[in-house]
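Sharing a structure below in structure tokens format, with a few things to ask.
We call the chains A, B and C, going by the order they appear; numbering starts again at 1 in every chain.
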Amino acid sequence: MRHLLTTDGLDLADATAVLDTADELKRTLLGREVRKLPTLRGRTVITMFYESSTRTRVSFELAGKWMSADVVNVSAGGSSVGKGESLRDTALTLAAAGADCVIVRHPASGAAHRLAGWLAEAGTSVVNAGDGTHQHPTQALLDAATLRERLGDLAGRRIAIVGDVLHSRVARSNVHLLATLGAEVVLVAPPTLLPAGVAGWPVTVSHELDAELPAVDAVMMLRVQAERMHGSYFPSAREYSISYGLSEARLRLLPEHAVVLHPGPMLRGMEIASAVADAPQAAITEQVRNGVHVRMAVLYHLLAGEEEGRGS
Amino acid sequence: MAPRPRGAAEPAAERELLSAGDVARTIARMAHQVIEKTALGAGPDAPPVLLGIPTRGTPLATRLGVRIGEFSGIAVPTGALDVTLYRDDLRRRPTRPLEQTQVPEGGIDDRVVVLVDDVLYSGRTIRAALDALRDHGRPRSVQLAVLVDRGHRELPIRADYVGKNVPTSRSEDVSVLLTEVDGRDAVLLRETGEQRR
Amino acid sequence: MSRVLIKGARCYGEGDPVDVLIADGVIAEIGSPEAAGDTEVIDARGQVLLPGFVDLHTHLREPGREDTETVESGSAAAALGGYTAVFAMANTDPVADNAVVVEHVWRRGRETGLVDVHPVGAVTVGLAGERLAELGTMARSEAGVRIFSDDGHCVADPLLMRRALEYSTSLGVLVAQHAEEPRLTVGAQAHEGERAARFGYTGWPASAEESIVARDCILARHAGARLHVCHVSTTGTVDVLSWAKERGTRVSAEVTPHHLLLTDERLATYDPVNKVNPPLRADADVERMRQALADGVLDCVATDHAPHAVQDKDCEWAAARPGMLGLQTALSIVVRTMVEPGLLDWRGVARVMSERPAEIAGLPDQGRPLAEGEPANVVLVDPEAGWTVRGTELASIAANTPYEGMRLPAVVSATLLRGRITSREGKID
């Protein structure tokens, strides 16, 4: 594995290898006083965030530091990024400065793919930490890690993804990864928040949350961004919440073993009721915890192997 | 990126160094040596902790622990210590999958820890194990038990318990087979034709 | 004036090879004319003689972005592509919304002399879509503007579009619409469909094009005006055009070479060399474009030749400018997509690349029959030859071709403008 750009095309062997490594890292580090491994000593990891996201950046930063990599954070505010330097020039500069891995968050779909192309010669690995409305593969991996902890093997499990699928890179990443892991995915959203080409995805589509809940093993609530409230995607926050919010009443429709996920940050009272977010079914804090281990695993698989033959 | 299985046996010109019976007898002898050297049962000290280094060190440690229990009547805690994350040669090989680490309850602080591995060669695995051990606690002392010592040390490391010393050349490969992993017990010497380091 | 004798070419690829003598800017004799002493002879055995191509839709970027194309470099590209007349779009900087700018472009074209450069005037001031530009002044200027378009932007306000159409009837000029309902394409990056959904591009829905085309056909009919639809890209637009033409609406339409060949399959690359507006569509749309061009629902091929600087393409997709080079590759793409599958013969190529566009624009000396006494605006094509596209080897200053490295059929071996050789064997004469 040379880059992690998307879960679309990540095969079962690779996905499982990363998830297994994450599990083992979590077990290894559990209860230890010193949460530091020497594995990536001398390797330089640069996070490049063109969108603010404290939780994802911190998670990657901790992952790198716990494996002893030197981690440098570049944010759009405090660098030449703000001076209008092109993404390409910024990337080449960082590679020339000796980055072994660039972790990028960018508002343009495909930005991570472009970076990987520009950095091919430098041999720098690229991790997509969220590109536009395309993909956020480590989020999907940490969701899968969390689901595996609670449910075991995901083959044959049924998982509902609820909310703004149209604009969600988390949804796209999860759809492909869950399909690869053998799970059935049902997307639940109003037609306005589903992409026009959703028919080609390995999913079923529903507009009735109540009808789906009794049959699912997990429900993944997507964030509804504030700007969508004014785009006529739905009439009002109230109507959205009534139709697609995970209320306490809806929580009771879920099977007892079912897991509730949310990639955060949550809009309590909008897409998820406060009591639901704090219910035992909710695995939201586990998601955050697993995020660090999954990202450590990704860095391990990208950076710890031999350099020769890092062809794919 | 799919990890390559370690130590997978391939057919080649090979010679059996130890038979299944030899392996069992060797482990029994090593068990007696551990009992003697650690003065097991002779004082108030807690028994040693056996930590096998995956892959084949783990079942070896378990077998050694069982034998020690039979001979001494004292149960010794056994576990596993994966050293992959501490290796200094990660970038020379394809990405390795991680293996289990299982430190017995009670931990290793102020205990005698016996590291158990199948083959002692350059010593780099043991160096990584000593680093890994440090992150799990502070043992009183650390000893090393290996089924085969094939020489060619690159670091100042020696074993406290050696099942069999086997002089080898660098172009040879020593494979330990264990029932738990490989379906049978044996130690084989093979000519690989390439210089392994 | 020099004389040129084209020996052994087949006119429209039909009949027996003939010799064609060109003298004093016209086709002097077809048959077996004699070569006089000062006649330049072109050995055209096995080649096809066609009327020179006319491009209704070119961006020459002058004034404003001379780092990507100039009237001179664009004219060279046109001559090498077999064109004898091109229409230069108005979205320059400053915008060609007044007589000064259009006359400048027209004059630069005449100075260069490789192709007739006809400036397109803007419909609205600054392409802002708020008030009409001085269409009459531009039409009556030295440049004699015949086509007006806000291309790059849609004249989205229905009232303004109505007025433009009505006003155009008094001037005998043509309004060409870039059909894109802006409210439906906010942030749009790629054809709205399965691939955009999968790769996370904001969708550019077919309905944004079709709704404007339908509206404008209705407006044009009520105004008694002519309407030209730029770069048709969707199946639904073809349906609307068929309907409008059947009921007698005076509407014409163009399709670009890239919409005849390329699809949104290219989205997987995220390489903005494939970014264009309207976007590359689905496989079924491409199939329909070819059929509609063969049927005549789509009147002609226009390149939408759009040079862009490296920094405007070698970036992330959303930040890139839309558009691709087209002048030098247009014929080859038409041969690949229309001639090779048997949808058009060479007479059909002459129709969609020369005769119809000349007729739509009202050019009296272009797209004329290959007959004695007609103006010698002609192109000679080697149908058996092929070539490999290299962006840096094209005459344009910019190199943003989506066909990089592709092997394409048919080579323009010579272009003649009023009897003068403008390009020959891939070189400017």
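Operating definition for what follows: a contact is a pair of C-beta atoms (placed from the backbone, for glycine too) under 8 Å apart; a residue touches a chain by one contact, two chains touch by 3 or more.
In this text, all values refer to a predicted model and were calculated from it rather than measured experimentally.
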{"item": "Most centrally placed chain, judged by C-alpha centres", "value": "A"}
{"item": "Chain of greatest Cα-centre distance to chain B", "value": "C"}
{"item": "Separation of mean Cα positions, chain B and chain A [Å, integer]", "value": "39"}
{"item": "Centre-of-Cα separation between chain C and chain A, whole angstrom", "value": "45"}
{"item": "Between chain C and chain B, distance of the C-alpha-averaged centres to the nearest whole Å", "value": "75"}
{"item": "Multi-partner residues of chain B (at least 2 other chains)", "value": "none"}
{"item": "Of chain A, residues touching chain C in the complex", "value": "8, 86-88, 106-111, 113-114, 117, 131-135, 169, 172, 195-201"}
{"item": "In the complex with chain A, residue positions of chain B that touch it", "value": "1-3, 82, 85-86, 90-101, 131, 135-136"}
{"item": "Of all residues in chain A, those that touch chain B in their complex", "value": "1, 13-14, 17, 20-21, 24-25, 27-28, 32, 34, 36-39, 67, 300-301, 304-307, 309, 312"}
{"item": "Complex contact set, residues of chain C against chain A", "value": "189, 192-203, 205, 269-271, 311, 314-319"}
